[in-house]
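Here come two complexes built around chain A, the first alongside chain B, the second alongside chain C.
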Partner chain A sequence: MIEIFGASNVTNKQVDLYPYSYDMTENESHMPDFVVIPENNDQLVQLIKFCNQFIIPIIPYTTGNNVGGLTIPDYGGIIVDFGKKMNKILHIDDNMMYALVEPGVTFGQLKKHLEENYPHLRYSYPNAPPYAGIMGNALLSGMTNLGAKIGSMADGLNGLEVITADGDIVRIGSCFYGESEAELDSWWCRYPMPDLLGLFVNWQGTTGLVTKCSVQLWPKEPIEKPQLVLFFGLTDVGPFLREVGRAEVVNDVAAFSVEVAKMEVGIPEPTRYPGEPPYTAVVPISAKTEKQMEAKLEIFKNVIDDLNKKGTNIQSIDYYEFSKLFNLKARNIYDLPSQILSLHEYSGLTWFGAYAPSHKFEELIERTDELYHKHGIPPFNYLKIMKGGHYGIFRPIFRFKKFTDQEKIVKLVDEIADVCIELGCIPYKTPSWITTKLRKKINPGWLRLFEKIKSCMDPNNIFNPGRWNT
Partner chain B sequence: MINIEFPDDLISLSLHTVFSYRKNDKKFIKAVKDWNKKIVLHIEPFYPVTVIFEGSNIKFERKEMDDFDLKLNIHINTMLDIAYGRLTPIQAMDQKKMELIGLEKDPKIMPKFFNVFVTSMSMVAADPNLNYFELNKETR
Partner chain C sequence: MVQVDDDLFGKAFLEMAFDRCIKCSTCKYSYKEFEPSCPSGEKFLFESYWASGRIRTIRGLINGDLEWSEDLKDPIFACTTCGACIDSCNAPHADYIVDMIEALRELAVKHIGSAENQEFLISRCEESCNPYGEPNSDNIELKKKFNLPDKAEWVYYIGCTSNYRQQNLRDSTIRFLKKAGINFTLIDEHCCTSPMIRTGQIGIVNDYMNYNIAQIKNTGASKVITSCAGCYKTIKRDFKRFGGEYDFEVYHTVELVKQLLDEGKITFKSEYNKTITYHDPCHLGRHMGIYEIPREIYKQIPGLKLVEMKRNRNFAWCCGAGGGVKIGYPDWAVEVSSERLKEAKETGATVVSSTCPFCRTNLSDANKNYNFEFEVLDLMEIIDQVDIELIS
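Showing the complex of A and B:
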């Protein structure tokens, strides 16, 4: 290891290894054997060859903020910490609107870079801290605040550079021409060649080491008028998400149970009182001109009026004005990426984050609500509508005290997972104890193909073993 | 010095935020100290909240108390219109977007009510700061 990375970039001291042995979740901790800090691909090629020779696990790590135990080295091995040195923004292409980044680049880093140098461009940001890594979220199909328009972060991937199990450096996407390094302006598209990105997206690092990725940027529209929406019926948020998604006037909908909203504005142990809306939503809307904004708001209000005529009780308020007057902390949910301090103030955080069939929103809310009441835990649900209404997101998320409440919370997540999977939800960024549940329901043909691809891509099972029960 | 109870419902918390903005404002302290009134705010589409001014304390009850001194009925969007200067309270009452009940009990209550509630909201709305982490931590 020292020969490859240099003595200052390798450690096996327990005190250095410990922070890499656990994350915020309930997933069991396990110590790695080494942590290495790479600077270039040559080092990684040597590492992969070495690890294949001696069958040593390699675990990719950027900033350690996932909520699924995905970088815990279940079988020991070597943590490759990309966050320390492979963290450069390599290129911003103003013309074709993309950013080429190394694995350690964070959302905050890219946002700052764009605001300072390309203020007319923006990336799509998740409800995550600024120090969370872009590549991990993109490769795991994470959410964005442009979700209602563009879908998940993986939908905005143009291309990747990957080191495969045999040490080959592979470029995927429009950057695939040429033998040596790709031109910086060649990372502009994912298609029309066979989509080899699928060999790496959502595989949780089990098929190769991704060393570069190109992500799409978007024009930053000058006018923003986000709306706060209040839902006074328990399931009113369901039809709203479906209808507003297909109205194609909003960038995103971040809907959450009121307990989440109360937590985010600083109420320590939030519960819902009579008269409070069970669900609220923050809806980013942007436009190029005031007239376009007026038209979008008119369509948006028509959606609500039409639903209310059919029996819902939904109200909208100007979000900037409301949050400024009544609680500036609420802007934290809108100005992404951001650290929701109250979500991270306990020692534990876990979730069941899932892609969801949007026609099941009401049933998901009602059935999980029963489970929350059964366990005496307030509902902490997040919902979204994605890509013009094509699908939804349903995410129960929990902060908890690891040493006192973990057992109770895990029992609840377990039961919620069963209900959601039964209703057709597909979890993402998923810990292996939940992929075990999925495997019981996935068709055998899919599983056989999955296993065949995995054994072809990683015959010695050195890449992040344990994920997806590999 | 005014003590403002930290509530755990949405509307009371919002009012807590507004009052806290003026916690060190001498005019505000003078207005609310020993006011000893119960003011009901029913902000539609939410629920009524009674704000209790008692000595040096401001407390909140998540209901309409029967012995209120003044009651305000208003929609949240009208409240924002007033706070941001698009509508005056008089215009709101003329247009029946705002209703005050109990004025006959104490004719002096209205100016003080406007100072404590409406002026405070307008001051918060006019503050150019949009970053919660730059707020005065002693007052908000």
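Showing the complex of A and C:
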């Protein structure tokens, strides 16, 4: 390892390995055998060849914020910490609006770079800490605050550079021309060749080491008028998400149980009092001109009025006006990427994060609500509508004290997972123990194909073994 | 909950580490500025060298996942305790991260000893009451030189770095106090114990604290002033934590200067025609919340142009000297400082100024080692070069 990476970039000291042995979730800790900090592809090619020769697991790591235990080395091996040196923004293409980044680039880093150098462009940001990695989130189909427009982070991928199990360096997307390094301005599109990105997206680091990634950027619209929406009926948020999604006027909808929303603005106790709405949503809306904004707000208001005529009780207010009541940190719900106040309260955080059929939102809310009450835990649901209303996100999320409350929370997540999978939800950033449940429901043909591809891509199962129960 | 040794001063902070921190890494960036903020993590890179890693190390050591070994020393002691993580993190435990690290050091000293050379902080004090190992100055000669009384309203607590390494800063401060008509005296000081608290070697803290408090009380003073950010934090904050009983007020020199300016008792009469950039000492800024007072003083000096570095106030990059790093990791301490001076260079300033003798020392060392060609001066040394009119 020292020969490949240099002494200061390799450690097997227990104290250094220990922080890589766990994450914020309930997933069991496992110590790696080494942590290495790579600087270039040559080192990684050597590492992969070495690990294949001796059947040693390799676990890619950027910042470990995936909330799924996905960088915990379940079978030991070598953690490849991309976050520390392979963290450069290689190119911003103003013309075709994309960023070419190394694996360790974070949301905060890209946001700062764009604001300072390309203020007319923006990326999409999740409700994640600013130090979370862009590439990891894109490869795991994470969320964005442009979700209602563009879908998941993975939908905005233009191309990848990957080192495969045999040490080959592969470029996918429009950057695929040529034998040597791709031109920086060639990473502009994912199509129309066979979509080989699918071999690496959502595989949780089990099919190769991704070393470059091109992500789409968008024009930063100058006028923003986010709205705060209150839902006074338990399931009113369901039809709202569906209708507002297809209205195509909002960038995103981040709907929370009110208990979460209250904590976001600094109210510590997750309690809903009589008369308070069970759900709230922050809805970013942006426009190029005031006139366009007026039209969007009119359509947005019409959606709410039409729903209320049918029996819902939904109210919206200007989010900027509302947020003046609170401090700067509270306003960060909107100003992403940001540390989300309520979620880092203790030592643990977990979720059942799932893509969801949006016509099942009401049933998901009602059935999980029963479970919350059964376990005496306040509702912590988080919902989104994606890509013009084509699908939804349903994500119960929990902060907890790892050393005292974990058992209780895991039991609840376990039951919630059963209900959600039964209703057709598909988890993402999936911890191994939920994958076990998932595999029982997936059709055998899909599983056989999946296993065949995995075996082909990684014959010695050295890439992040244990994920997807491989 | 695990059991933590009751004898440990930092017991509560070690316990706090157990159910706090999800390792979200927000501590690695200045909040909303997205600038690197942690000198230790940026240098050593592995997760064990960032605040969240150190919190995890506490857990591992107390619950037995980690065994004590020499390997632990660098991750525990190679940290300036600058508190940048405190200002970056937004979790409820944020304000206590440095307390947790100091508690971890206390635990480490008990099991594996201090980092290399940090033990001299104690042995030198045992010989001469200061961590530099210089013959103890009881300050009697200084009192004679400046004609200071035995009893006074104020005590100027010089601090070891000013008294043994930055004597121009010390003398500038004394001259200012004289010019401003402050009724003050000096005491036979023992080290304030800041270096010991920062490095987990707290065995002598109570004795030294009580000695210093007694010396101050003997003068009849109701106010103590110091020109050292480290002494200021220690006397004002840590003495209380360690049970020190006193009722005198504690001032940093900048607070007195500002007060005199605000009350119209002094004005700066001559010009200081240089461009300066101000380095916020961690112990005065992040730890004690004083950012604007020194800036307001600089701005009142005729001719002086104050320019800001990219990272300033609570996001200021540490000078690299604190937390025992200057003695334990001297080369790295200067390396950290050189990064600060690179940033200072971008401002076009010719003078780098601070309000802490320890920052002044380390910035001066980097200035010399890396040939930056700045003038490095404390604010009090700049004021010493300006005519002051006392308005009665």
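Everything below uses one rule, namely that the second predicted complex is superposed on the first by the 465 of 470 C-alpha atoms of A that agree within 3 Å, B and C clash if a C-alpha of one lies under 4 Å from a C-alpha of the other, contacts with A are read in each partner's own complex, and residues count from 1 in each chain.
We take it that a contact is a pair of C-beta atoms (placed from the backbone, for glycine too) under 8 Å apart; a residue touches a chain by one contact, two chains touch by 3 or more.
Since this is a predicted model, take the numbers as computed values, not measurements.
Novice: Pick one for A:T11: touches chain B only (first), chain C only (second), both, or neither.
Specialist: Second partner only.
Novice: Where does A:F232 make contact in the superposed view: on chain B (first), on chain C (second), on both, or on neither?
Specialist: First partner only.
Novice: In the overlay, answer first, second, both or neither for which of chain B and chain C A:I223 touches.
Specialist: The answer is neither, since A:I223 touches no partner chain.
Novice: With the two complexes superposed on chain A, say which partner A:L438 touches: chain B (first), chain C (second), both, or neither.
Specialist: After superposing on A, A:L438 lies clear of both chain B and chain C.
Novice: With both structures fitted on chain A, tell me whether chain B or chain C touches more of chain A's residues.
Specialist: C
Novice: Of the partners chain B and chain C, which touch A:I299 in the superposed model: first, second, both, neither?
Specialist: neither
Novice: Touching A:P129, do we find chain B (first), chain C (second), both, or neither?
Specialist: Second partner only.
Novice: Is A:L343 touching the first partner chain B, the second partner chain C, both, or neither of them?
Specialist: After superposition on chain A, A:L343 lies in contact with chain C alone.
Novice: Where on chain A do the contacts with chain B and the contacts with chain C coincide?
Specialist: Correct list for chain A: 329.
Novice: Name, in rising order, each residue of chain B that touches chain A in their complex.
Specialist: Within the complex, chain B touches chain A at residues 8-10, 13-14, 17-18, 45-47, 62, 76-77, 80, 83-84, 121, 124-125, 127, 129-132, 135, 140.
Novice: Note which residues of chain A are touching chain C in the complex, please.
Specialist: On the chain A side, the touching residues are 8-9, 11, 13-16, 18-20, 22-24, 35, 37, 63-65, 81, 84-85, 106, 108-109, 111-112, 129-132, 329, 335, 338-339, 341, 343-349, 399, 401-404.
Novice: Considering only the defined contacts, which chain C positions touch chain A in the complex?
Specialist: 1-2, 18-26, 28-29, 32-35, 45-48, 52-53, 56-57, 60, 65-67, 69, 71-72, 75, 89-92
Novice: In the complex, go through chain A and note every residue touching chain B.
Specialist: Residues of chain A touching chain B: 230, 232, 258, 261-262, 265-271, 273-276, 313, 315, 317-318, 321-322, 324-329, 331-332.
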